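Several structures are given next for inspection.
You will see two complexes here that share subunit A, one where it goes with subunit B and one where it goes with subunit C.
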Partner chain A sequence: MTSDQLTRPAVRFTGKPMPRKEDDRLLKAQGEFGDDTPVAHLAYVVFVRSPYAHARITSIDVSAAERVDGYLGCLLPDEVEQLTEPYVELQGPPADVEVDRCLASGGVVRFSGEPVVAVAASSREAARDAAAAVVVDYTPLPHVVDARSAVLPDAPQVHEQIGSNVAFDALYDWGDIDFALENADHVIEVDELHFHRFSSTPLECGVVTVEYDAGVDTFTFTGGFATPQLATFNLAVALRHPANRLRVLSKDFGGSFGVKLNTHIPATAAALLARKLGRPMRWTETRSEHHLMGGHGNERWFRDVKMAVQSDGTVLGLSYDALDDVGAYTRYEPLGGVIWTQVANACYQLKHLKVRYRSIYTNKGPVHPNRGYSRMQHMWLVERMMDIAAHKLGFDPVEFRLRNYVQPDQYPYTTVNGCVYDSGDLPLSLRKALDLIDYPGARRLQRELAGTGKRIGIGIGSTLDSGTNNFAQARLLNAHLPFGGNTEGALVRLGADGSVYATTGGVAFGQGHETTVAQVVADMLGVAYDHVHVQRGSDSSLSAQTGFSGSYASQFAVTGIAAMINATKRLIREISLVASSVLKCEPEEIELADGAARVRTDPERALPLAAVAGIVHFSPVDLPPEVAEEVGLVARSVYRAPFELPDLDRKYGNLTLTYATQIHACVVEIDEETGHTKLLRYAMVDDCGTPINPMVIEGQVHGATVHGISAALFEHFAYDEHGQLAAGNFYDYHAATALDLPSFGYDSVVSPSPFTPIGAKGMGEGGGAPLHALSAAIQDAIGTQGMVLASFNPPERVLQLLRGLDAEKVQVLR
Partner chain B sequence: MTEINVIVDGKQETGAVQDRTLLVHWLRDSLDKRGPKIGCDTGNCGACTVRWDGQLVKSCMVLAVQADGGTVETAASLSEEDGSLNRLQQCFKDHHALQCGYCTSGMLMTATDFLCSGEPVTEEATRRALKGNVCRCTGYHNIVRAIRAAAEETP
Partner chain C sequence: MNLSGRFETSAAATALLALHGGVDALAAVPTLRDVRLDGSGNVRAVFTPRSTFVPMPFSITVAVQQAGAEGVVLSVHGTRGPTAVDVMLVLGFTPGPQGTYVSWAADVAIRGPAATVGQRVVRDLVSSALEEILHDTAAVA
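Here is the complex of A and B:
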């Protein structure tokens, strides 16, 4: 499908800020979220969780729970061991012997908050009371909460059978960084930088309802499943149950941002209880539980970082040693160990890059994919090094970036590792961002306020949002993994009355997929926007999905929409067959417009879609038999992203199809007395190719921006030395409120992707640009007396920076 | 169990609740009121915000028995009698002030109360009014715009 075809007969909705189809029900409190649905005979599940970071379970006594009125039963680790298979592990040897189950595996708990017993009762209150009455005795074991300690030879072992705390260890070496570092005019060295642990913490925590129908031996799971077919596969393996007798449903879904890719784990426990006790089971996660194990973002240490720079300001490349703290279980990890290489070059023309990357187990909550998954950590590091180099070597931070950015005439641009950046205009994006914050005015303000106790800092965050994964990258992690490429599915049908019904394999949790799908389908079928009804959420039984279906990794505008275009084209072929046989012309002569199929050269000869549907559904006698048997008016298609297998030896090949870009710029004011960082101006410039709905795009950019700002200044899943989470609720984990934030300046650049059906790029994750921009702005305000080597900069840290924190960790070797 | 009588969204409702039952749980589980949502355990997130006897409250911080004899309004009561969106709801839609929609009912209740308060609807005042409502999708920018637009359009 080319854009030409899309514009025929008329593009009326695609590309426009159409109001969202989702909104009316949500505004009228008529949405249906995970905990909303009334279910007859429903029982409730509550987990008894470990208070220890690492301990052996010595005994479990449920006798007091049994006396709680409403108690129905429970599930113990031994039972889970008998009834389930361990979850599939992605990593190869030796860490593939990790055993992960829905309740503490092997009689050991490995993080504070790990579920030990699942208790079911007939009311929420009884389930809580019964869980509180369960007595578990533990023998504490030595624990480790810092990835740097976890790699030391005598460190406590999170999974004893592995023999170390290393889940994944890889050396990436592209170009010749050793030569560059030997011969460059300048070399900057930084001992250690830290990207902290946080997550997008969706406002709706995890929820799953499981119904077991014994008559047909089928489980139905309803809840937040961001990847329904992967969840089905994981549940089928874990429960030893055929995938075709598992149905996975999502309705309205209060945010995922990646972290709800692992809902299958608590769902396993709820399923076992539903089958055992013969009642539907619902588990509704509390906020504290979500913070303990709802999925944390990757925490990463960057050590021994070196960057080679020429005296004209050209950056040649860099090297570092990464320790990625994945917590107690790998779950979706250690995929983060290869995902970051999608953006190996970040926004820059780097020629050399060498990274030793290790994924490390610690006794902390497991890491899940989180908005900007694994790429933002690397891009933060690169941006930080760009910024540090500019400060230390005396380059203007704007000119330095402009010089090193991938230039508009270089696209498609091949990175050091064979990824292909499709399109973009980073210099224009940066100029627009600087205009939005009145860069010269901000510099003047900075000079004026010098010495007043308030310091102005200006920061730039340059980032990429890589989308549409080539799943073959999993083979870089483990050559035996059977993944390659990417697909998405879609289903479009014409109902008996001519109404249009579309179902995507994707699962929306706020991104407006019902809206964007309807825009594209309505244009292609020549019907009104309101005429297209799009399935809410997802239903694995509708056959719209493929194995990779779901919403993650910034891909819906490519994969979801392309699959929908393919399915709609198939439906158009069927409609044309019917119409041409009735109107006595060739199928190629048919066009769809104004709700009818008509002869292009003679529009008076037309058949309304309702008539097409009516004939197919109720009067096939009016059709030639070969048409009647060909046409079902249910079109299912798949979009296959054009990928090849990467070269595993060189770790070289294209890993993602599109690269949206985001350039952020901000002006902050730092109070020297309190260390408080106040945002004075904040601007984002997004480029995600041809827009489908610019309003939705801007909304995604706003959301990703606040996630990043909040993470940079307020949010930290810190653990104390005992392995206790210090941020178990929204008091201690401050999600930014409206009062913490300014209004935003926003602009866009449109660089259509040459690789996608309509030039759109996936977007939404955002690449963590505010973390980069705020680190840079704080550094700019501080000068070089202290060095910003951490992504989390609350007031106490800013005060330390003003007193010279970490200045000694940065050296200009020459 | 205690019997309670509460007018909820204009309708007299009777229930039998435990002393410890939270108002939000009674509204949701017994009455299937989907406006108030639960997003935290600590009164921070504001997703459960309702009006109780005209006062804006987080319904997770109120016991159901306390509401006995009173009046509760949830977001389900906001739309026009014919089911169409009211002015504030329409402004939320026009300004893309919601994404996943989980915080939306609480935001609408807080905004409704703020718009009724008579306080000038400046950017700063609007942001202050919203500080007890967490949204993790929109970044608030469009929520602030929507509320200010609703204030401007109010005749």
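Here is the complex of A and C:
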């Protein structure tokens, strides 16, 4: 089977909007999420959390908890220090001495919400009451909640042993931006821009159930583990427990968007309690807990930003200084310090780019990867600067982008840092997006409403969704990290009754993997869509997984599907061997169609797949020995993404296999009296290569768009001066609903990737295009009297913009 | 968060001042239990304000920072699970027709879920709790 075969007329499902296999059970409330699974003798864990942003723990008194009916026991920081190893840190010296454990380490709490004690009880309610009865005394320490303050010489130290609050410090310098800035016709300078802190707030918060089987000294973890093999590795190190005695499972789970890459941390505490108390333990995160530490997206300050522009509108490049606020612990960070370089050029033909990037500790909740992880911050900055330059230099914002976009005939396009953009048609995508919002009509409306108290703004958001990581990028932050390339695994087998069973190494958390896998496998095997049974969730003990298995970085359509294609090819070969021996022909003469293996030139000579399975499983004597001994009808295969190691000295090389593009356009109406931004029209055009299921794609584009719009207008994990989170629930952190949004216009462009087996690209993260588009639209409505230098623009900020906010921070140097 | 109030009590200022260390008298305050002095001479107790929707017992520690005939400065630290309340409470005593006018000013810092989840109601709740405990305590002087 080749990729050509998948596009032949015989392809019946791939590329079609097949109904999602998952939806039947999910819509009937028959899904099995983390808190649904019944477990005998189950006990419940609740964490006692720090109310202080930074404090020394002076005493812990659990005596009142012990008097609560149902109390079983607790886990204290001292026990954790004795029983566990600190989590593995990715960064090199000096910040590699950070100590991070499942409970506050070193007798110090470093953010409000940090777990200090884990309490177990026989019921959820008893655990909550017992946790509330634990008395922890603290001595407050000076705290820092602003990354800009955290880098000052006398700033409070989040981790004293490191000696500063800098977790990672790197200079990226490609091309010659200094020369460009000296010689460009125009230079735009912006003092400071801010990308705010928010999260994707998945419907299901974190849940983990841990069962410890003392007889075989084995832990079984069930919950939302986005990368099960990496989680196994992290748990094995932390628990000092052999990896072969850890099993990590997931069933349905209600969204991750990256934030569930750190589930191993609360799982460690639950595991210690399960072993200590001899009962299965479940921790179910509350929404407020999730807001406190379930994983915030990276907050970033961009300072001293300069962009070089020629008189004809050609942008040469830019430079800036980034302070990335990672919160109190690095966890998955400072990987964001290199991840952003996957999209160094954003959508543009930049020739020069210089960035000093620092990851900064503060006394705030730790950041986790979050939809568009680290790349959307950089792309927002680039897009914002493109927009500011157009406004300040008098270019039409549409023409300015069209001139600077990577052009269709330039693909594959090599960026300033050696990444290779595989395919795309940004100008066509922009034209389609503008058609969807009726751009000329919107400009007319803008003129008509001028002076009425309502202002119309039109915005464009151009972005990329880089998918399928080259894990060697980790070596750019620490050359000693043993990662490189990327793989995914898959298992396909023919059961005894002829049913097809497919197991992917990927982990689904809502993307529709069961659907897309079934489409591709059904086409390859020539069986009905419903004939393919795709395993729900994941199981680390099955050999479908590789070390990198999981779902992250927009890659399943490439790695997960390619591994499935490879495994299915192996199964086809086995089926062909069996069928050819029965039908008395060569294996190469066999084709699969209509649920049977048949002779291509004589379709009447056919063997149903059920018969193939029956012979192999129940009557191997009917096969030649050399076939019977080779064929098991179980095929495992791995897809290896074609990567090389980057040049670490130059920080140069390809870090990502595919680049989906998203061009968004919107029309907003701003009320001058209230500052309220009303979305009048919103359009998105997605190009993720050859589609496997257009409906699944459109659904994910809608989801990413809602997340981005909501982040731009409503969602902000703000902290007060005491280091207290000001948005601990959905009253104060408004995630957009249908009531906040207009109907979206959607269209697509198909630019098949030349680098992937069927031309598909990873997608679904969206790269934050709505943040770019809304910032631009608000700027367009305001004009240049105020400058949009923040990604979060609630009504109070829009009112300030109307009064000239930040206008002085933008200068046209020439 | 800065709060303030004023009320009149029949107790004399000297009686109010004598409450510190008067564990037996404080034990009579209906919203306090387990009243004791710790090794530093601070008052420790469990305070369950009436003004919360459901019973929410706080473990509190009260330390006298400054005391004189005209008033007293107290630091109060309360915790309940992940919530902490730190209050710097300045009490002023002036003679009144029925006894003593007590004016109070509190600088309150709320930490934990009450600061995040409860931020819309916490000001009123803390103000009510302070009014309540000051009235109740003055009543047993």
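Following the convention adopted for this analysis, the second predicted complex is superposed on the first by the 809 of 814 C-alpha atoms of A that agree within 3 Å, B and C clash if a C-alpha of one lies under 4 Å from a C-alpha of the other, contacts with A are read in each partner's own complex, and residues count from 1 in each chain.
Going forward, a contact is a pair of C-beta atoms (placed from the backbone, for glycine too) under 8 Å apart; a residue touches a chain by one contact, two chains touch by 3 or more.
None of these values were measured; they are calculated from a predicted model.
A.B. asks: A:Ser288 in the overlay: touching subunit B, subunit C, both, or neither? Say first, second, both or neither.
C.D. replies: both
A.B. asks: I'd like to know which partner A:Gln511 touches here: subunit B for first, subunit C for second, both or neither.
C.D. replies: The answer is first: A:Gln511 touches subunit B but not subunit C.
A.B. asks: Mind working out whether A:Arg124 is in touch with subunit B, subunit C, both or neither, as first, second, both or neither?
C.D. replies: So A:Arg124 only meets subunit B here.
A.B. asks: Touch test for A:Thr227: subunit B only (first), subunit C only (second), both, or neither?
C.D. replies: So A:Thr227 meets neither subunit B nor subunit C here.
A.B. asks: With both complexes overlaid on chain A, does A:Val706 touch subunit B (first), subunit C (second), both or neither?
C.D. replies: first
A.B. asks: Of the two partner chains, subunit B (first) and subunit C (second), which one does A:Gly113 touch, if any: first, second, both, or neither?
C.D. replies: second
A.B. asks: Contacts for A:Asn729 in the overlay, against subunit B (first) and subunit C (second): which applies, first, second, both or neither?
C.D. replies: both
A.B. asks: Have a look and say if subunit B or subunit C is in touch with more residues of subunit A.
C.D. replies: B
A.B. asks: Once chain A of both complexes is superposed, is A:Ala738 in touch with subunit B (first), subunit C (second), both, or neither?
C.D. replies: Only subunit B is touched by A:Ala738; subunit C is not.
A.B. asks: Would you mind listing the overlap between the subunit B footprint and the subunit C footprint on subunit A?
C.D. replies: Residues 288, 729, 731 of subunit A touch both subunit B and subunit C.
A.B. asks: Tell me, which parts of subunit C touch subunit A in their complex?
C.D. replies: Touch residues, subunit C against subunit A: 59, 79-84, 109-113, 115-117, 119-120.
A.B. asks: Would you tell me which residues of subunit B are touching subunit A in their complex?
C.D. replies: The contact residues of subunit B facing subunit A are 18, 20-21, 25, 28-29, 32-35, 37-42, 44-45, 47, 74-76, 78-79, 83, 85, 89, 92-94, 96, 98-105, 108, 123, 126-128, 130-144.
A.B. asks: Residues of subunit A touching subunit C in their complex?
C.D. replies: 48-53, 112-113, 131-138, 288, 291-292, 720, 722, 724-729, 731-732
A.B. asks: Can you check the complex and tell me which residues of subunit A touch subunit B?
C.D. replies: Touch residues, subunit A against subunit B: 17, 19-20, 22-24, 26-33, 35-36, 38, 124-125, 200-205, 252-255, 257, 284, 286-288, 509-512, 695-696, 698-699, 702-703, 705-707, 729-731, 735, 737-739, 741, 743-744.
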